[in-house]
Amino acid sequence: MNKRLFLKTAIAGILSVGLFSGVALAANETLKIGFVGVTSGPAAAWGISNQRSMETRAAWINETGGYKIGDKTYDIEIVAFDDQKDPKRAIAGMEKMAQEGIHYVVGPNVDDGAAAVRPVAEQNGIMYFPYAFPKSLYEAPASNAVLGMVANYQSGPAIYKYMKDEKGVKKVAFVAANESDPLSQRTGGVAAAKALGLEVVSDSVTYQVDTTDFTPVLLPVVRSKPDLLVLSGVSPANAPQLIRSARELGYTGLISTETAQDALVLKEGAGDLANGFISVGGASTPEIATDMMREFVERYTKMFGEYNDESNTKVYALEYILETLKADPAGITDAAAFKKIMDTFEAPNPYMKGDAVLKYVGMSSFGQKRQVAVPLVVNVYKDGAFETLFVAEVD
Amino acid sequence: MEQVLANGLYLGAQYALIALGLTLIFSLMNVLNFAHGQMYVFGGFVTYTVVAQLGLPFIVGLILSGIVLGVMGALIEKYLFRPVIARSTREESTMLLAAGIAFFLDAVILLLFGEKQRGIPKIIDGVLNWDYRIIMPYDRILIGVLAIAAICIFIMYMQYSKTGRAMRALAQDRVAAELMGVDVKYYSMIGFALGAMLAGIVGGLLVSITGINLGMGGPASIKAFMMIMIGGAGIISGAIAGGFILGMMESVGLLVFAAYGDITYLMIFVSLIIFLAIRPHGLMGKPWG
Amino acid sequence: MNIKKPLLVIVLLLVVLVLVPWLIHVSGRWDFYYTLTSVALLSIASAGVWLTFYIGRINIGQGAYTLIGGYASAILVTKLGMNFWLTLPLAGLICALISIVIGLPILRLRGVYFAMVTLVLTEVARLTALALPITNGAKGIVNIPMPTELSFFGITIIPDFGTLENPKLAFYIASVIMMVLCYAALYRIVNSRLGHLCRSLQQNEELSASIGVNTAYLRVLAYSISSFMGGIAGASFVSISQSVYPSSFQVVDSVNFMLNCFLGGLGFVLGPMLGTLVLYFGWDLLFTLGKYQLLIYSSMLILLMVWLPNGLLSLKLFNRGAKKK
Amino acid sequence: MTAILEVDKLTRRFGGLVAVNNISFDVKQGEILSVIGPNGAGKSTLFKLISSFLSTSAGEVRFKGEKVSDLSPHVVARKGIVRTFQETTIFRSMTTRENIIIAHHLRSKASMAGYFWGSAQARRDEATFAKSADEIIQFLDMQGIADELASNLPQGNLRALGIAIGLATDPEILLLDEPFAGMNHDETMQMVDLVRSVQRERGVTVMLVEHDMPAVMKISDRIVVINFGEKIAEGTPAEIRSNDKVIEAYLGSEDDAIGI
């Protein structure tokens, strides 16, 4: 009896200590930036490249003496939460960020998660930078989400126009996984292609993300004889397989996507068949990368063993947060100040050669400035590396 | 049409091989191995490591995948499933264990092999093109043939070897087999190892075509479950039939429903439910399970 | 015995409505409100799964009903402008009705066959949500308003959540009250003749039929109660996240509901509640482990299972007062 | 004695196989009727047809003149025809008493909602059942094992429990599926007495399927013999013993199966 009582008390004690003492003691001059995204399970690749970009940059800043905002210098700490691609967990992650007193969060990676965390973010004054495209996240009355990359309905038209003008593309086909994000992107892509006067020859074929053989999926698409095959919202895991199957079925036209890809994955999965594949990237191609970008890639590779080209597009969100805070230090504790300065904020882009600047855009897509202006870099894959096809800007 | 059949056959061969291991384990121990897909992924990564990182021939990778997974399966059976089965009041409890193992393997795969999609270079180049009626790359044909060969070897083994016969007796009636002097513990372990080994070999085979990533495990398990339901749980021939049927359904369905893309799989799933409502034990299943 | 039962409910209510908020207040861990709200709602859905276990069916399809419930409530609120609190029972009823239609044919299946069909059901629900126009397909339904005021003859019963200073707390209170009600109902079912009949079904369906139990009816009844619980849990989640997507509830959720039951113990009414608490909270607490989170989490799951194959509640510590069986 | 149950040209096919072929016989009020036959003769199928666990291919079963074949098992049970099973089938994780109480379900008057809310009727039901269960326990002399978990009971007790479950439903006809299987001589004789007392003291008509010849000869008022799905003989034990067709049928099977 006594033993039981003791055990029960002990367990209760351990539990309550575990539950209620998790508040980390905030050391002076540490600036916490959150990350809520998927870093385990099937979609782990999306979140991991994201989280590692942030951690690389943070370690770099801390190693070189910290980041100066206003008259204080901060160490940057990345607080990461794995939402397992579950919108319910994503909410818990955002709550955790609020608990840690964090006001700036990168993520979530998918549409449903980004929509689900909105109430929590707005109630707790958190600005978050999702990698999800639905316009409802960024249009008023929503106010706390900032699109962290170029949306497909922005990059799509640019790519298709280039293809139409430069490569004589007339007929386009779309394939997408039957999940929310890719399907939404396909709808956007089809609309953009039609607006340009292109003929859409196939836009209804979908596949399960767990498909192990894409030949049956692509058979009807290839038979519709498009000049350009668009892989809407394709994940880096599926891209090489789709390319390979299409080519093996005798498809000779162009293939493109509006998501970021990894060169090594393409090389391993499709080999030479991937040559000519067009995708969207950041700024790490040799033509436009600055020394800082090169150093970033170097540090990332050193820290994690292997670089992931998807990170090119994901290096920006943290940079934007820090630069904007620098512009108005009040933002550190107050998202309202951050929002205010967003309209006028401007800083040089350290990662890309030329006179590109960091600023917030999105007036034409969302009616308010709720998107980071990252260069729209369109790459083409060639023998294990990307080459820049053209660079465009989004307003 | 020829193309559709060829695609269906190729898909069916790989599916059947995945389902075989799962159904073997189920027939012997009544365990629905949720971790089967993860084992398949693990096998794929072993072959990847051997071929792409160490530069050894494909066949070495394939054999090593089988061995590594076989050993893993034997250990899992001996130290995890056996004690749990012995002590649990409801045998479904093993599902939690199997799911725990699936999570565990997911974590290990992520830590060991990373989050990226991996693949190895094509084993043979070139595409068979029969008058544009059947287009089939040679490596795909080779893998399809290897898969069918593996299925045949497995059936022969179950039919004619002493171990195979013992396992079949065990699958039919555990108690009777025990009375007949079959070492139930030993053969359960061998059976689990064999099932896991099959998963590893499929992983190794497919890494050369579709590549591998850590997300493929869970969905692969679910697909394999569907196949063994179609054929009848715990029936070897049922699993093979289920694999080929699902392969054909996908191949045909994707062509027929191409215009309504989003509903192809919905159709496949709904027809599976209707089929089972009419035939509650699958094509050739026994009324057990 | 009869006096003890209401007492138990009151104690449970006191714990969740007074003790927990007090602890949260003292410790300042406000984020636990959401975590515990999740636990409450997920354990309602798991309670449904547990009930199907109780009639001897492995249910891996609860995710389908949480999703249907979520969509039902979202559509009623956004398209018809109904009050959320009315859509909540309606969502449950819609799920129960659908489950009757689906359950009639599939409940004849047993063992792994039933388990697999329900697993496929979750995927069917997701694909249907993607394909239908009323669910808004891939784009989901977003910007769902907060629960509004519920009044009765001018008396406010539930305030408008949108105007509350702390909607988090309001959601917590609503969820835990629902949870306590669900578990009280479950306890009542299990300890009444209804429960004995369910147990007879679990142990031997043929014998049950031959002593005159309408097994088909009882199975469908239990399954529809189970789906009702799934439906209200799903609807509540949707109102918290103010959005619903086809991927809001997936196969993983269905599997988790089942695992919650296993972990807590299939033989104990409070099993699914404890299982949900441990599994969900466990993951949250291990959050500091970073990339080793899943590894440690799954290892602990395996060890727990090897240690206590019949669930946490089979531990002697908890079983002091239980009847010797 | 009047016929309480009429089996009329009952037929059941499984694919090409005819398991029960055009069988007709009557069961009279209050008697013990045994159905015997070699293995695979179709005895169990016959039972399943009578209790509606299987649907018929042709013919029908009438209970007090009313058709009772091709219904649901629970409906047939409700009418008073209750079947126990070939396997020692009981509710394994309930105690003896719980087994018996649950088996009273047929007599319950409360609705499902009544159980849930614990209505007055439901409480009256429970009290009645508990009392009746005590009586049955007493009647079958099971006081010693009343609170024992059924899965812990030895073979002989299980069979008695099966009969107790049958009794609890207050049947008019009890269908016993091989009640003596796997028992030694003493146990069998005890069981024979038990079945006899059920018939005499409770007025239950008993129909049983059995292999054990001596027991059948001892217990039965009348016997129906089937072989290859067809009825080959019907009569008192004495008549059956001297029937040529029966001896012929049994000569085909193992010697000890006859036991005479």
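Going by the order they are written in, the chains are A, B, C and D; count residues from 1 in each one.
We take it that contacts are C-beta pairs under 8 Å (C-beta built on N, C-alpha and C of every residue); 3 or more make two chains touch, one makes a residue touch a chain.
Keep in mind the model is a prediction, meaning the values are calculated, not measured.
Enquirer: Hey, if subunit C just vanished and nothing shifted, what pieces would we be looking at?
Expert: A, B | D
Enquirer: Hop across touching chains from subunit A and tell me the fewest hops that reach subunit B.
Expert: So the least number of steps between the two chains is 1.
Enquirer: Pick out whichever of the two, A-C or C-D, is joined by more C-beta pairs in contact.
Expert: Of C-D and A-C, it is A-C that has more C-beta pairs in contact.
Enquirer: Quick check for the class: compute each chain's Cα centroid; which one is farthest from the centroid of subunit A?
Expert: Between subunit A and every other chain, the largest centroid distance is to D.
Enquirer: Whole-Å distance, subunit A centre to subunit D centre, using C-alpha means?
Expert: Chain centroid spacing, subunit A to subunit D, equals 70 Å.
Enquirer: Just how far, in Å, is the C-alpha centre of subunit D from the one of subunit C?
Expert: Once rounded, the distance between the two centres reads 42 Å.
Enquirer: Give, as an integer number of Å, the spacing between the C-alpha centres of subunit C and subunit A.
Expert: 33
Enquirer: Which positions in subunit A touch two or more other chains at once?
Expert: Where subunit A meets two or more other chains at a single residue, that happens at 39-41, 178, 183.
Enquirer: At least two partner chains per residue is the criterion; list those residues in subunit D.
Expert: Each of 93 in subunit D touches at least two other chains.
Enquirer: Scan subunit B for residues touching two or more other chains and write them down.
Expert: Correct list: 89, 106-107, 110, 218, 222, 262, 265.
Enquirer: Judged by the touch rule stated earlier, which pairs of chains are there in contact?
Expert: So, checking each combination of chains, I get A-B, A-C, B-C, C-D as the touching pairs.
Enquirer: List the residues on subunit D that touch subunit C in their complex, please.
Expert: For subunit D paired with subunit C, touching residues are 51, 53, 72-74, 77-78, 82-85, 89-95, 98, 101-103, 105-106, 108, 110, 112, 115-116, 118, 122, 125-126, 149, 165, 168-169.
Enquirer: Mind listing the subunit A positions that touch subunit C in their complex?
Expert: Against subunit C, the touching part of subunit A is residues 4, 7-8, 16, 18-23, 39-41, 80-82, 84-89, 91-92, 95-96, 98-99, 110-112, 115-120, 123, 134, 136, 178-181, 183-184, 187.
Enquirer: Spell out the residues on subunit B that touch subunit A in their complex, using ranges where they run on.
Expert: So the residues of subunit B in touch with subunit A come to 3-4, 7-8, 10-11, 14, 52, 106-107, 110, 114-122, 127, 129, 132, 135, 137, 140, 206, 209-211, 213-216, 218-220, 222-223, 250-251, 254-255, 258-262, 264-265.
Enquirer: Mind pulling up the subunit C residues that touch subunit B in the complex?
Expert: 53, 58, 105-106, 108-113, 115-117, 119-121, 123-124, 127-128, 130-131, 251-252, 255, 258-259, 262-263, 266-267, 291-292, 294-295, 297-299, 301-302, 305-306, 309-311
Enquirer: For a test of understanding, state which residues of subunit C touch subunit A in their complex under the given definition.
Expert: Those residues of subunit C that touch subunit A are 23-24, 26-35, 38, 127, 130, 137-140, 142-143, 146, 167-168, 237, 240-243, 245-248, 250, 252-253, 281, 283-285, 287-288, 290-291, 293-294, 317, 320.
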